[in-house]
Each structure stands twice: as structure tokens, then as C-alpha cells.
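What follows is a single structure, and I will ask about it in a moment.
Going in written order, the chains are labelled A, B, C and D, and every chain counts its residues from 1.
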Amino acid sequence: MNSIGKIFKLTTFGESHGTAIGGIIDGCPAGITLDFNAIQLELNRRKPGQSKLTTARKETDKVLFLAGLFEGKTTGTPIGFQIKNKDQKSKDYSEIKDAFRPSHADFTYQKKYGIRDYRGGGRSSARETANWVVAGAIAKQVLNHLQSQNPIKINAYTSSVGNIYCLKPYQELDFSKIESNIVRCPDPKYANKMIALIARTKKEGDTLGGTITCVAKNVPVGLGEPIFNKLQAQLGQAMLSINSVKGFEYGAGFCATTMKGSEHNDLFNEDGSTKTNLSGGIQGGISNGMDIYFRVAFKPVATILQTQETITKNGKKTILKPKGRHDTCVIPRAVPIVEVLTAMVLVDFYLLHKINSNCS
Amino acid sequence: MNSIGKIFKLTTFGESHGTAIGGIIDGCPAGITLDFNAIQLELNRRKPGQSKLTTARKETDKVLFLAGLFEGKTTGTPIGFQIKNKDQKSKDYSEIKDAFRPSHADFTYQKKYGIRDYRGGGRSSARETANWVVAGAIAKQVLNHLQSQNPIKINAYTSSVGNIYCLKPYQELDFSKIESNIVRCPDPKYANKMIALIARTKKEGDTLGGTITCVAKNVPVGLGEPIFNKLQAQLGQAMLSINSVKGFEYGAGFCATTMKGSEHNDLFNEDGSTKTNLSGGIQGGISNGMDIYFRVAFKPVATILQTQETITKNGKKTILKPKGRHDTCVIPRAVPIVEVLTAMVLVDFYLLHKINSNCS
Amino acid sequence: MNSIGKIFKLTTFGESHGTAIGGIIDGCPAGITLDFNAIQLELNRRKPGQSKLTTARKETDKVLFLAGLFEGKTTGTPIGFQIKNKDQKSKDYSEIKDAFRPSHADFTYQKKYGIRDYRGGGRSSARETANWVVAGAIAKQVLNHLQSQNPIKINAYTSSVGNIYCLKPYQELDFSKIESNIVRCPDPKYANKMIALIARTKKEGDTLGGTITCVAKNVPVGLGEPIFNKLQAQLGQAMLSINSVKGFEYGAGFCATTMKGSEHNDLFNEDGSTKTNLSGGIQGGISNGMDIYFRVAFKPVATILQTQETITKNGKKTILKPKGRHDTCVIPRAVPIVEVLTAMVLVDFYLLHKINSNCS
Amino acid sequence: MNSIGKIFKLTTFGESHGTAIGGIIDGCPAGITLDFNAIQLELNRRKPGQSKLTTARKETDKVLFLAGLFEGKTTGTPIGFQIKNKDQKSKDYSEIKDAFRPSHADFTYQKKYGIRDYRGGGRSSARETANWVVAGAIAKQVLNHLQSQNPIKINAYTSSVGNIYCLKPYQELDFSKIESNIVRCPDPKYANKMIALIARTKKEGDTLGGTITCVAKNVPVGLGEPIFNKLQAQLGQAMLSINSVKGFEYGAGFCATTMKGSEHNDLFNEDGSTKTNLSGGIQGGISNGMDIYFRVAFKPVATILQTQETITKNGKKTILKPKGRHDTCVIPRAVPIVEVLTAMVLVDFYLLHKINSNCS
């Protein structure tokens, strides 16, 4: 339930305001020298307080590795890690202790388990995604190790915020510009519009959603398992595991529904590549060597700085007046999360594929 | 790889033109009297040749149960079943034996496995979905048994074909009309437009995609497991396992990305229900008792009755001139598939939830 | 629940007197040419009625492959198979319909599920093991394919029947003689004593247990995963899944408990092999390249041809007078079952090990 | 690989001399008040240095819970925990860095992974079992919660050390005496003999093996799943996961092989209990309500305080002169490990059984 992956498998624990969050990575191949700085850099990309766009909360997203490494290398045994939470004891949770915040998981956790750690959302908080970043940052390095020639490159970027869309197709974007602005949209023109919209919405005490597009290049042919373990199904499951995600599409996605077969079919070149790539790099659940690309939809942040009516655990009406520091738009901080989940899915299929590869 | 579900678990086998397809359902509770007629009716809804809209191919979708039942009841042991394929030996496959059909799985299977059963698409054929219908039709009956008061109702329908959309929200539709027309859109006005579009496109030798909307009512609060086994993630994974599916969204879906938090949040009534349901009945990965609804995007059928250039296994150019009888649009036949997968996901979470339910 | 293996995974169904038994093998590598005759020969070794020692019942243990093969080769897709049961409708089951046979699973199935297919023991019958033989016979061939130089050799034999023990250590036995007699003990002197004991016991209407020893040679170093997936733990679990098995030991086994460390330790030769092999070829859950050997204990057959008191479903006393044809001692027929389970465990670890092997 | 259990699932990490060991318990039911003192007491039973019989090494087996608990209760979310290792940096490992200790896992880890954390045995050290004790101590409490009337009682004890056997059957022993002596044999006469043997062997610089018997009382009818998830197979797998275990038998075990069916069969009383219990409380893989009992064989400790010849990583001969403080006999400290693994297996089956229980 709290695990992802079949071979490269992450299991996690942790509540937003407990002692620590953390995880265990099982199935990481042995003998890989890890770049710990690169792992921390990915955590920094997700961290709150990294720019004026994100919540001003400071979290100590410092990962501590406890096992599975020896002299800087993976040993093939499980990698245990943890990220301490800052002491939050002093904080006042009286408001949300008994009240259910609208469009949060407070109600469903309470009803399912009969008990919940209400502090900061507990297990349902997106703080959990820091665990994923640790594992996914390692997954990226394992992919590099497995395919050091022509390494797989995974880039996600903000493709829309509210109704501001980056209108250029990904092929025309320069991914090296993704980190050049705080909204993580590689086109500066759209980036500036998005930043302005977020600033405006923040003043209204309201929040925004948006979309993230992710592209994986140099994925070899053959990753993915047909029927119930299709590559797109695992990518979709991973993305739909992110808090706030409401939709997933790959290749031509929902647009494909209005195309005719004669328009949508990708014709082959003689080398097995295709002239177009409306399929998004996957056929029959298996990668075909073309770019894999997909788009993920995020709803607006549920915590708004406006008064909202709600109910208590006992079904009484009450009023919520949120205060504190929250994100107006999580899309920029979700960009690394989309990337690391993609890396985890790909490394899992890569390792699975090794089982079969020598026999054909 | 060929299994779905954690507790109510289906494992399948079978190629389109092999001896038979079939499966094993493990984890079905004991003591449930099955309605075999209802299972066959679901198979008939999926069957080719059922209307002028679908391919004229006739398949013998007759399920044979081999084990796991005694005197008409489930015994708690695995339910083995098979559906025989008609003898296809006489057919001529010389055209696709060596050529890769564009936007089919021929290329990826060949590259992944070094061998493929090319007849009718082999394992990648949608014939496999008949197995899912058997298991899902049983899943529906198990759900009825588990919650016989206020039974869970799962209805899917065609919400668009090409650019013809059923513009009414699902709340205004009469689901009892879904089976009243051959395109399975409950609104006759849109249904007729869709049917006309399909007829027109068929004459052109071209094909169409579309969307299916699915609604599950009376799902109790508490189904779904947080983090990596969220209800929406499992529904998404199941839907993305269907051949031709390119996207999945639930609740407000991609539209949610352009809404503000103040618009999107679902405020509570005093009984714990919500005034709106943009969340689609799921919060934090767990059902909240409201309707669960989602939409699935299908690309147009890849097999078109037009000449297409392609390549052979050896990378030589060749020309494909498809003949035979193929669907112009699979959406109507995919409606029962969406329903049965939904039933399988829900029954699995229902049984998982029983583990926890007595302890809180 | 009805599956074994993580990569090379068998899932089975079937009751003794239902329509058929069968299974699905998922994860078999592609491109392997199967020897169907060899599979049938393994089934014949397990089959009832093969000698005067075994039950005179005739079963049609003819396997039919339904999917996963193309032109005689594995395709990487699931291998579906079935073995039909002979029509048993005419038989009279009135005696065991309501009564619980002592030391059978009738009572526990009835209590667990509230229903049971009582005919011939239903799912709890050892007829199920024919499914295992099919999968394990394929596993043997996959192992040969994976390591065609210096192929892994798995030999099991009857090492005791009742209190007649084959007193020679396995190293002194000629495994080519295992099939030379009907009790499957490679030493003719002990074989004859065992055969005589079985004949004598049969006359008394009583039954016998015994032990099977299994030896796997040429297993490469590195199979097995530490902690909860140790090679010996998976072998033990597989063996304890066989009906009637009461114990498992490997290497020096229970004898090791009375040895001192200085006696039990296996000292190394310079090539990494060990001078002794009391460890049984496994250290820390991982194969070390020496012979893997273990011993499996079988209780006497529960069905005896003597009158026994028992109770009915309703807790009333009743008398059982078994008739019909039953095995006096199942050990000879269990020899191939021990081998095929061993092959399944080894092939699973072999494939798992490939994941890690290129990275170190 | 590093996980045990299907519903109540423990995943672990940690090397003997790394920063910490720890684990994640997924699937623990919500709302259970934990007795933390009881957990620590179980850890103390396993701890080195607890008596003159065990190694004088002191380990800080203090468990720290990081998540999954709120106000002393389980929340249904994963329970993360860790046990810090004492700082070992100063210690000298030069002797075992390059040499393979006989009958240890040094050789197989090195060959499998190409790298190993040699300090104190790393991942292969029995220090890992402290993680199991934490999870199993919680499992015991969950079992008590689930069946608070007539609670399941699990008692293990030392039934032999070397060739000193506790000759009384378990039914004649007073389990309240297990903790009354340092060898954990409930009969003082045999306990004293065992203690004397251990003292004598210690002086010789040699080591001892032995057996542990475990009895679970009040297990309800119906736990266990037929075919590949039999109760005895999971118990066997769990026990064979313990370092040094060479064998497992339940009920009459290996002795059953020399009995006749007429002697071995357990006849029923009218209430469904049986007059004898040679079956060991399990029929067809499912508990029958009688005592479950089994016996586990441990080889002698591999680390002896005698000079031994061995080889280095590079295949050169070398001499090992072990020093330091090691157990002469681990049986007394393994008693709680056998108990907690039993508790984990039983709670897993108990929760699984709830899925089916309302449907029959």
C-alpha cells in the first residue's frame, strides 16, 4: 500500500508533523557510486520556501542515509533513509483538530481509520513526496549507470498555470531553461505571465492549478509489460498518486479522441522510428524508442486564505479561517516530483526487462 | 504482469487466434451464488458483430467455467475459465507476418520478445478484454452480495465520438437508456449524431476515437488506500490498461486546472456529503461517499481500410492494404469493459477495507 | 494464494473432480523451444496407476497448452494450460459428502469457506500437483536454456519408506538408477526392502510415509536473496506446500543441532569451493556453488482401508469404511513433484539474479 | 525481498555496523493502543549481554518510533521505526575485510553483489532480527486486540542444546517457567544440563546448536490459505529466514515418516476437536483449532574462538584467529525471534481471513 515498484521498490512512512519521514529502497542494484549532492539538489527543487512563488514555510529537507551504502556505493541491500521534521509541538492545531477542511483528506481518513494525525494533514500531506524525491533521484542515477551511453533524459516543466498555457510544443522548447525561472516553464514569455497570475491570485487569497508536461528521451525499445503492467498504466498510476492530480494523458491524449485513424497513425521510417509520434513513444504498453511524453493535470490548492464554511467531526457547522503560509500554486514544486516518479517507473521496467533480454 | 488486483485477483492468458483465452480469478469470496446468464450478457455487450456499428466478425464469446464453483456457488478456491477461439487456421496472415502495422504493437512485441504470434495481433489483441468481462461481471455480483442494501451501481456510457460530444452532464442523463441504442449514449439526440458520424467515417475507410464516462454510485466511504494505492490511481491504471486508451481524468479532471481553489473546493453538508462534487468522490485516495466519476480517452482505431506505407521486420518498405472486417469505432464495445474494470477495482478495495474495518 | 514464484510465476486452479485443472505460467522467457514430450514424461512419473505400488486409479494426465507458445516456442506471454479430469459424475460420494475424513482437509475447508467440493477432496486433492509438474517441467527446460554449458541437474529420490532408510549418502548413489525401480530409490538393495514393506502394509489396509532427498548440482553462485527471500526459505516453503509434507531440512539439517561449530564449519579451498558441504550449498540465503541438498518428510497417507470413526458436518458420530483404490505410499510419485518445485524455485531466483548481475 | 507478510507487512533495512537498522510496518490496523514497554521487553529478551550465556557485547536495542502512531495509538498508516547502532568506527576490521569466514555469508555476498559491508557481517548479521522483534511484538498486540476473548498464546522454548534434549512433551511443561532460567528451557533439570554444556563448550572455544519448539494455542479455525500459502509453509519460510536455521518440522514432523496411517490419523471428537494432534493443528494448510506446534533446528554458531584456515577475496590462503565476544549458543536468544515471527505469520493470516469471513 505504501510501496511503489516491483523490482526497484520504494516503501515509505511518515506524517507531516511526526518525528521524521523516510523510506526503504529495496532492489537497487549493487556497486553504483551515488552522487549525494545531486540527490540534495532534487530535494531543494521540491523544498518549500525556495522562491517567492512558494510557501514561505521552511522545512529541513535534509536526507540522512542509514543503510544500504558502503564507502559511497550501493551494496544491493536495502537503502534506508529519513528526513527529520522540524519540531512543531508549539503550533496550534485546535482549528483543524475537529474540523474537516474542504477538499482535503481529513474527512476520509477520519472515516476510514477512526483516528487521524490532524497536524498539518498527517500522512496525507504532500510532505511525503520528499521521500519520493530521494528514491527518484537515486533512480535517475541508476538509469544513468545502466545506460551510460546515450543516457535517458527526463525533463518535466510547467505547461500551464490556470488558463495561461505554454503554447509551444515541447519539441520547440529548450529544456536547459526550465530552471532559469521560478515557475519552471522553459519559455520566458509564458513563464512571466504565469508568475504574474500567481502573484495576482495570491493577493486574492485564492489558489491555482495547472499542468505539467514530462518528456523522457532515449528510452530503449522494450520497456513495459503488456496487459496489466503497461508502461503508460504504470506512469499514469504513479502520477495519479501525487496529491492534487486529477488527470493524465500521454501522446496525443484527449486530443486523439477527435482525430481519425488516418491522421493519428504513426508511420514507420525504415530504421523503425516513426515519422510522427502521436503515440507518445509507447505501443501495446511497450516503449518503441521514440520520446515518451505525457501531461499531468493538477487541481488548485485546496487551502485558500478565505473564510470557508465546513463541519466538525460531529457534524456541526463551523467556520475555517486559514492562516499561515501556503502555496498559491504547487505546479513549480511538483515539477521535480513528476520527474522522479518517471525515473522510478522507468528504472523498474528497465530492470524487469533485463530478465528477458538475454533469452530472445 | 498479467494479473490485476491484490485480493480479488485476475490472471489471464491467451492470444487472439490461439486455442483459447482464459483466466483464473483468485480471492473471490466463498458462498456466492453466481448468475451465469448475467455474465454471458456482459460478454454479449462486448462481442463483435452485435450491431451494424461493430465489426461483422463473429466470435464465439462463450465462457466455460472449469473450477472454483460447486453447485452454482463460489467455493473460495480459484475460478478457472476459458473462452475458445474459433479455428482460424485457414486464414491468410502472410501480409502481417513480416510487416509492422502502424500504431499497433507488432513492432514493440517483436523487438521485446524476438518472436510474436502475429495472427490477429496475438496477445496484444483486444480479444483479451473478454477475459476481463468475465471477471468483472463476477466482481459486480460480488459487490452486490457484499452490499446488498443500497447496492453499488456502475454505469459507463459513450460521452463522445470524434468531435460529437454528449453535452449534458451525467446527472441529467437517464442511465436506463444506455442500452437503448447501438452507440451506448443515453441521450438519443447525441446518440444519433454519433451513429451517423460512424457510418460516414466507415464509408471513408477511416476510423474514430472518443470518450467514455463512467459513474459509480453508492460506493461507501473508505475505499482506497493512501499514498501508492489510491483509488483514483488504481482506476487510472485499470483504464490505461485498455487497448487504445490515451488518457484518464476523474472529477473535474483537466478542467480543474483552470479553476481557482475557491471555485473547486467541495463544501460539506452537515451529513458529511458535499454540496458540489468536483472531487469526483475521492479525497486523499479514499472514497468519500459521493459519486465516483471519471472519463477515459480512446484514440481512433489503428486499423484503417486505406493503403498505408510501412516496414517489414527487416526494415524494408512495404505497403499494407488492410481488408477484412474491423471496427470503425470501438467506443460502444468498450463501454462494458470500462464498467467491469471499475467493478474489479472496487471489489478489490472493498475486500481490502474489510481487514481494517473491525478494528477502528 | 494460488501462485508461486516472483518472476517465473505459476497460478493454478482446479478441483479433483471438476471439469479440469490447469494453470497459467507468467514470466517465462521468450524464444525457448519446448520439448513437449519431456513435459509429458514428467507427468507420467507423477501419474497414478504407473506401477503396482501406486493406486490403480487411472487419470488422464494429458496436458493441453492453450496459449503463450508459437510454432513450438515460448513467446514471453503467459502460458495457459489445462488437464481435463475424467467424468466422475456417476461416482457415489454420499459417504464423504457429510462426513469429515480424519487427517484430511475436509473439516478445515468446510469451516473456512462454509462450502466445499467434497468430490475426491476437491481443491485439497493432490491432483493439483499435476499442474505443478507441467510448470516445473518447463522450468527445468528454461534452466537448461539459461545455463546450457554445465546445466543444472536436479535429482530427487526416495531416501526412506517407513523405517527402511537408504543408508548411503547421496554422494555414493548413482542417480541414473532412480528410475530403474518402482520405488525410485537408486540403491537396489534398499529399493527392494521398501517395495516389500509397501506390499506388506497394503495388505494390512494401512499406509506409509517416508522421506525424499533432493540434490541440485551446478547451481551457480549467487542465487537467493537475503533476509526474507532466502533460497532455503523458498525451497522450504515450496516443499511444505506439498500435501502430506511435515518437515524440511537442508545441508546437515537437524543433525547439525548436535554438532559443534568446529565440526560443522565448511572450510574453503582456494578456488572458493568448500572441503565439506554441511551447509548444503547455501550461505546467508545465497547459493555458494556447492551441491544444494535437502530432505523432505512425508506423513503416511491419511486414507486407510480400515474402518475409522469420525463425525459429520453436524457433529454426529459416524463410521467411515473407505473403499476404492488409494496409494499405500505416495513417496515414489512425489519424487517428481519435489524435483519440479525445486526447478521452479531455482529458475525464479536465476531470473531475479539477472537483474543485478550486470551492475556489479 | 526484504519484506515479510501480505497484509501485515514488515520491510527492513540495516547493517550490523551502519548508522541504524529499522523498518516499516505496513497494514497494521488502526486504533490499537500499543504497549511500548512490552515491545522493549521483547527486545531485551533478544539483546546480547543479557546473561552470562550470551555474548558480552552490549548493543543499544532501543527502538524509536518515527511515524504511524498518534497519541499512543496506531493510525492505519505505516509504522516507521529505527534502532541506532553504537558507533563502531574505531574498531579494527582488517582481519575480515578481505578474508571469508567459514560458514558465514561473506563469500556469497561478495560474489553476488561484488561489494559487501564486511563490518560485523553487515546485512547478514543477526542484528537484523531486532527489527523483527519490534514488528512481531506489535503483531502479538494486534492478535490480542483482534481476539481479546480467548487470546492466542505463543510460547517458544529451548528444546535442545547440542545433544541435551528436553525429553518431556510440551504438554507436560509449564510455560510460565520459560523465563525462569537463562537458557529458556521450562524444565529446570534439563535447563541446568544445557547451561553446563554451554559453559563447558565456551571454555573449549567452540560453539553449539540446538532446537526451539514453539506452541501457539487458541488459534481459531480457518487461518491459512490452501495450495501455495499454506499456514505451515509460511511458518516454515519464516523460520528458515532466521540465521543458522537448518530445518523445520511441525506436528509429528520427521517422526511421522515412520508411522502408519492408522497410528498417525487424528480422530475427531464430536465438537470438531481431535483426540490426538499429530497433525500439529493444521490440515490442508488451514488451522483446525488445535494447538499449532513446530520445531526449528539451529546449526552451531559459525564464529568459533579457534584458529581456522580460510581464503581471501583473491583466493589466497590465510588464517583467521577470531577474538572478541561471541555467543557460544544462540538458542536462548533465538527463542523470542521464533515467537515474534510466529506472531507475524498468524496476524497476517488472521487479517486475510477477515476478507472472507463475512461472506460464507
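Just so we're on the same page, a residue touches a chain if its C-beta (ideal position, glycine included) is under 8 Å from a C-beta of that chain, and two chains touch if they have at least 3 such contacts.
All values reported here derive from a predicted model rather than from experimental measurement.
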For the pairs B-D and B-C, output the one whose chains share more C-beta pairs in contact.
B-C
Return the chain whose centre of C-alpha atoms lies at maximal distance from the corresponding centre of subunit C.
A
Find the geometric centre of each of subunit A and subunit B from their Cα atoms only, then give the gap between the two centres in Å, rounded to an integer.
27
Can you give the whole-Å distance between the Cα centres of subunit B and subunit D?
46
List the centre-to-centre spacing of subunit B and subunit C in whole Å, with centres computed as mean CA coordinates.
39
Spell out, as numbers or ranges, the residues of subunit C touching 2 or more other chains.
1-3, 12, 27, 30-31, 76-77, 112-115, 123, 226, 356, 360
Report the residues of subunit A in contact with subunit B in the complex, numbered from low to high.
1-4, 12, 100, 102-105, 107-109, 111-115, 123-124, 128, 160, 162-163, 201, 204, 206-211, 221-222, 224-230, 232-234, 236-238, 240-241, 243, 245-254, 256-272, 274, 278-280, 282-288, 297-304, 306, 308-311, 315-317, 353, 356, 360
Across the complex, what residues on subunit B touch subunit C?
1-3, 11-15, 18-24, 26-27, 30-31, 64-68, 70, 73, 75-80, 82, 112-117, 122-123
Can you tell me which positions in subunit A touch subunit C when the two form their complex?
7, 27, 29-32, 76-77, 145-146, 226, 351-352, 354-356, 358-360
